[in-house]
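Here you go, one structure.
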Amino acid sequence: MLSVRDLTVSIGAEAAPVDIVSGISFDIGKGEILGLVGESGCGKSMTSLAVMGLLPQPGPRVRGGRIELAGADVTALQPWQRVEAGHGRIAMIFQEPMTSLNPVRRIGDQIAEAVRVHDGVSGTAALARARELLELVRIPDAALQLSAYPHQLSGGQRQRIMIAIALACRPQVLIADEPTTALDVTIQIQILGLLRDLCNRLDMSILFITHDMGVIAQLADRVAVMYGGRIVETADVGALFNEPRHHYTRGLMDCMPARNLGVRRLPTIPGQAPRPGAIRIGCVFAPRCAAVQDVCQTAAPPRLVVGQGHEALCAFPLQGGRPL
Amino acid sequence: MSRASITLWLTPFLARPIALIGLGVLLAMVFAAAFAPWLAPYDPYAIEPMARLMPPDATHWFGTDQFGRDTLSRAIYSARMALLIGAGVVFFALATGIPVGVLSALFPRLGHVLMRIVDVLMAFPSLLLALGLIVILGPSVANSIIAIGAGYMTTTTRIIYGLTLRLRAETYVEAARSMGSGTGWLVFKHILPNLISPLLVQASFVFAFAQLGAASLDFLGLGAPPDIPSWGNMLAESRTFITRASWLLFFPGSLIVLTAFSLNLVGDALRDRLDPRFRDVFSGEG
Amino acid sequence: MSQTILQVDDLRTSFNVKRSGRKYRVQAVDGVSLSLVAGEVLGIVGESGCGKTTVGRSIVRLVKPDSGLIQFRGADVIGASGQALRDMRLNLRMVFQDPYASLNPRRSIGDSVAEAGDINKVFKSRADRAARIAETLSAVGLNPSFATRYPHELSGGQRQRAGIARAILPAPAVIIADEPVSALDVSVQAQVLNLMMDLREQLGLSMLFISHDIGVIGQISDRVAVMYMGRVVELADTRGILDRALHPYTQALMAAVPKPDPSQRIVGAVETGEPPSQFKRPTGCAYAARCPLVHSRCHAEVPALKPVAEGLRLAACHAL
Amino acid sequence: MWAFALKRAGATLVTLWAASVIIFAFIHVIPGDPIYVLLGDTATADQADRLRTELGLDEPIVLQYLQWAGRALSGDLGRSIFFQAPVAAVIADGAETSILLATMTMVWVVLIGVPIGTVAAMRHGTWLDQGLSGVAMLMASVPTFWVGLYLILIFAATLGWLPSSGYPSIFEGGLGNLRYLLLPSLTLAAPNAALILRLTRASMLDVAREDYVRTARAKGIRPWQVVTRHILRNALLTVVSAFGFTFAALMSEAVVTETVFALPGIGRLVVQSILRRDYPVIQGIILVIVVLYLVINLLVDLAYRFLDPRVELQ
Amino acid sequence: AGTLREATIGEPPPLDVMVTTADVATAIGRHMFETLYAWDSSYKSQPLLADSERLEDGGKTIVIKLREGVQFHNGKEMTAKDVVASMERWGKFGARGKLLMASATSVEATGKYEVTLKLSSPNGAWKNLVSDVNGGLAIYPEEIASKATGQPIEQKDYVGTGPYKFKEWRPNRYVELEKFAGYKPRKEKGDGFAGARVANFDAIRFIPVPDVGTRVSGVQAGDYDYAEMISGDLYDTLSKDKSVQVQRTNAPIFGLFFMNSKEGILKDNYKLRRAIQTALDKSQALRVSFGSKDLWKAEGSIVPKDTPWYSTAGIDGYSPHDPKKAKEMAKEAGYTGQPIRLLVSTNYQAHYDQAAVFTRQLADAGINVQMNVVDWATLIKMRGQPEQWDIFVTHHSFFPDPILFTFLNASYAGWWDTAEIKALRAELVNSSDQAARKATWDKIQALIYEQVPVMKVGDAYTYDIASPKLKGLNPNGPAFWNVSNK
């Protein structure tokens, strides 16, 4: 459905660009949920905004690569241009449900606005569709809530409204950038359930971004792990959790408290994540890697196939692998 | 200031040539004020009734006024008055605004009362306040400063109050309080240091608008005593010569505009340099 | 049994809040009783807004409670003054959630770390002060040269270390840690958690550890108090809670935690209900509206925290 | 809403009372004497003394205040010493000019400030933006009277397109008399429009960074729709709340403008009254200005509450 | 026909011309109120409401015959009763009434059209005193004059006999007078304020325009027909400007620097005062304050040339501009650089300009003057307090008899009341013989240059501008009867 090839997002001067996302590639199939995990600042949001055509202006820009939506090249298009070109069936929900809705407009209008753009209907028809969407995301008293303002709703409800707005675009692909991070676990589980359900019912693809391995484990079909602006490992969710092959993924798995119950000391990954653009040659993870070799410092690591649908960006993956 | 922080302060200027020009103008003004006696070709007070209202020429570049005084020399000396008024007003506004604003934010009960008074004062148009004060105190430079400063005291107080309220809610202030810090500690170690940059911005705007306020007072005949060279006085004294001797209005007027404009440019650049958190506090302000 | 170092009895704290021009009184903490034994870590978990932070802030006297009793080593905290107060302030110390906001951007790390000592005048000399700063920074795994740096030059993990360093200079007896690792990435989180456990062992600290992350709480604490809408609804040793939660709310909370194991998917299988409003507090049990075990009594009567089932476990539920 | 308005009215009264005390105290420390202004330079001392007594100006201040306040409560602002006419009537006449002037100015301010500010924000970072912002800053840096003098010189004395000064009431000469206010209102609008322009630009840029604007863009609506439906309205919240401020600034600058253009407004009236120590008029005008200020702020608040649903009318 | 619009320098105080001496009020008031006599263009008193007079008893009894058939604006005919009531009020409350009426023993209507005033001693200035509207004897109807107190009369009582009557006063906007249909002009030709008065306009509107630049551009743009008191420096330009005509007044005003005779460093120190005057070059000050040479004259005689009172006594001391000598004199006077406080207001630009020039010139002579610049209302208050100042600045308008000069009034700030002047003053007032009075005046002027209670700056001729369409402008000052459109 969505195919991203060698996407590079950069900031800074044209002459001396700093890559905050460097050459990442991934595909999401129909009805599939791809989880994108990684630590803060590794470039997850930039990836998702680039894919949406929503990079803030002026600021980061797409310096290279290609984004295809259902076969059409949409790399350089902003959402409204996509709609005009007939490739508008992609939508996004954001991390902060509190600030992502316009505080001075009724939620009905905010949903209907998206309906109008994508369905070409207006007035009552758009509002009727908005009501349907509210029901779809399981807001009780949908008809009533159409005329509510965002501040009158709870955080969980607002995030559902965001999902409803996204659904109004009848998306084939939904990008969710940390949609539950601001919510309590009890609400989070409901939103995750809703997304899974919608994905199944509407046969939607979802790019789900988070830094929470627990959430990934619960929701994703496949997972891409990001580090320092690169995707370092891609695998089916089961394989990733059971047999992580990149040293970074392995380290992440190990340091989760939930996997270390009763252990006196948590395993850690020494050092800290690099700043964007700080490492230009060699492997971005090399400075922190336990299995680092000389060559890692000087040559870009190869992308190796390490299993069925399982790739790692590492010269020396755990248990080895073979070139692509 | 460390070298790093100097570069930090300079970046907004380097990024904007026009702000750099503003800075240059201000420096020139300071220079003119400091070296006025050497720069001015004539005694700015020397009266020469036989050579009154001479248009600009080689001997008097800016012409002469109705007393036959050299306009250029007076314009140069006026930089002193501009700096004095600006600095004085800023000082007055800050010296009153900081204690009132900070204390009001730290002690809500006191603040409630003080801020209401500030509200009442804000309802008085600042120029009227200034006018009244001048008539009470009599026209003099010091009184002009007080009178104009009184108008800016209220807005400055409000801004400081708003900023301090925010700072008070900062976690690091909370941390200090949890360790038992007293008000003095909070104010001097946490609040004032963090107020410096926003106040610098506010100061530059107050400085700019004080120039215009002083000029208005001079225009109404209630500013600094008219023999003291100041651009506002020069304008006010010569406004009847608008057709007869337009240079008398042109030069001082342009200098006021240039100064206020430069200060605004600098203030703008400084504001951009600032933490964006403070942005909207100023947005109610000019 | 070892000695109780911090005792909280029937603590109630409320705030006036203005919403939409109307004034409300929010009962943030509604009768919380806790005790902290020397050397122990007591975890507090609960949903956002349930009053965890307010308990912590009440203990370090950042807010004035409406009523209740707080005792440190048997001495009253709320009414303390003078030397006794200074003593308590040095012994009851707080670590804050947001490592970015909790350090003054205009003060050097050294100045921030030494702040408690400066305020309470504990340093004998400049040299002594510098030595203590260096020593403390080393203790939290930071190079003493960090003393002259400013917060914006540090990473999130380093800042939180500095925050912890500030809390342990000079040696306190109790640390109240309010979500000290929530803002950190997992890998950094693990480092900081390890540090806190090390310090606890080396310095014999007692800790009130506030978090909404059951995983973190499970890792660090000896006992856990579960809060819901300003009250403690369950209090038990960590293993007990993790293995077999008794209160229906604790059960829901535990069930909702996403396990990092794709083979144990719970998504779509749990129903947790809507969170309550802070402004309209129900009579009776606050959880009644979401509770699967609800019966008429729950709406009428606030359940007391009472011993249930085995051993030392306490829970507040009419159904138990 | 009514409860809200009532509450505000109550607070307003307290403010007014405080203001009246301040005004009264303030005015009576002004040195000088209205008597000679009335009688002229050559009046004799005993003539002056007699008149002073007749006008009740030699009574104790507190007594004068109480008398004045008592009458003011029943709506009587007293008699002007200088005009020998009821203060209320004197002010009412000046108020027509000033309110029209202020209104026309505000219209300019909004018509110039908001659209140009919007354009500057939309072209953020381009030369157009820098140019517009620069011009705005320049406008804010020019002394009002200087602008006024040159406008008169150009448009009235030289070109003869517009009247130079004065303002005959529209109730006597019809709406055409508004042309008398054209130059003054433009003079007065210049600096204020500049401020509103900059404020509009700044708050548009701030709002443009908000998450919900990104949400709107993600929906696929066109950029200008994003601006009109999502950015502008929120940005105007800030701008509207600055109107109270602008009004106060306007009143200050009106003093100068009305003097330059010889407009019979309360700005000039108050300056003249201060100069001739016409205490009842000064008191009355300042009171009226304070009331206007409070009313404007009330309106701004109401508008704010109307525009922003988060602030509910109770 | 139509309305004539005049831009005045400011808002007038109440138009009760009997009590106020404010120039703006007079300029408006003289269109409504008339006096028994009026000055022609050479400042001689001619009968206006009076018809003729007769002096008896060596000048101690004055019998005035009134014109018959003069109508008040309220339709009533003016009779002796009205004049008597007006005289009584003037004597009690009028600004200048004391000068004549203090010595009055009785005022009576000795016929329907005849008034008899009895004085305890003759008054040589009586006719001039009743010829001026300014603080003068305007004739009000009896019922109004007899009720009136020291407070200015109310607008509804603005009832006079002039060619224009009061229409309305819009505070802050204008005062409007309208043509009085019942006015019967005198037979004599109009000359100055005297003679026939014909109202050619339906109405006159007096509009306050305080800023002089605005007054000028207003007349140029055609918004006003007439504007008064234009600054001297524009005289040359405006004289050439086709869009306006200039009208210079025929009688000068003169600036006065009063010395404090009651308190302070200048009290009784005539030598120091003379030193001060010696240091000055008054033509410099005049040039600065009035510009064009046509508008001023450095004249030492206090009353201008070509008048009966012109005198050269003492005028060597007028403007020597000799700083060296001044320095010496000051030293002899025991002056050692103490500050001399000069009180001046900025409300009158000329005052300030002159003060500034003098301060500068005195500094050259080592005399340390400190200007205290305040607003006019403050100055008036402060000058009443002798401890506040040493010199203050004001000006005086022309008056055809010296008796009215403020410096001869012992209670006027400055308080010049030495034994010498006391005697001379009595001499001047109590004689009606012109030659004797002139001799006294010479002595007074000499004394003024010796004791220097006040320094005259010089004569200045103010000028007004008008639309070129107007003709028949009055050289005595703004008065709009006999003025018409071309």
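Letters A, B, C, D and E mark the chains in the order given here, with residues in each chain numbered from 1 onward.
The rule is short, and it goes like this: a contact is a pair of C-beta atoms (placed from the backbone, for glycine too) under 8 Å apart; a residue touches a chain by one contact, two chains touch by 3 or more.
All values reported here derive from a predicted model rather than from experimental measurement.
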item	value
Topological distance between chain B and chain E, in contact steps	1
B-C or D-E, whichever has more C-beta pairs in contact	D-E
Separation of mean Cα positions, chain E and chain A [Å, integer]	91
Whole-Å gap between the CA centroids of chain B and chain C	49
Mean-CA-position distance for chain E and chain D (Å)	40
For chain A paired with chain C, centre-to-centre distance based on mean C-alpha positions, whole Å	32
Contacts with 2+ other chains: residues of chain E	211, 213, 216, 347, 375, 378
Residues of chain C engaged with two or more neighbouring chains	none
For chain B, residues contacting two or more additional chains	135, 239, 242-243
List of chain D residues in touch with chain B within their complex	15, 18-19, 22, 26-27, 29-32, 130, 134, 137-138, 140-146, 149-150, 153, 157, 195, 199, 202-203, 206, 238, 241-242, 245, 248-249, 251-253, 255-256, 259, 270-271, 274-275, 286, 289-290, 293-294
Sites on chain D touched by chain E in the complex	31-34, 36-45, 47, 50-51, 54-55, 80, 82-85, 89-90, 93-94, 149, 152-153, 156-157, 160, 163-166, 168-169, 259-262, 264-265, 268-269, 272, 275-277
Touch list for chain B against partner chain D, complex	18, 116-117, 119-128, 131-132, 135-136, 151, 208, 212, 215-216, 219-220, 232, 235, 239, 242-243, 249, 253, 256-257, 259-261, 264-265, 268, 279-280, 283-286
Complex contacts: residues of chain A adjacent to chain C	39-40, 154, 156, 184-190, 192-193, 196-197, 211-220, 237-238, 241, 251-253, 255-261, 264-269, 272-273
Parts of chain B lying in touch with chain C, wherever the complex brings them together	170-182, 185, 189-190, 193-194
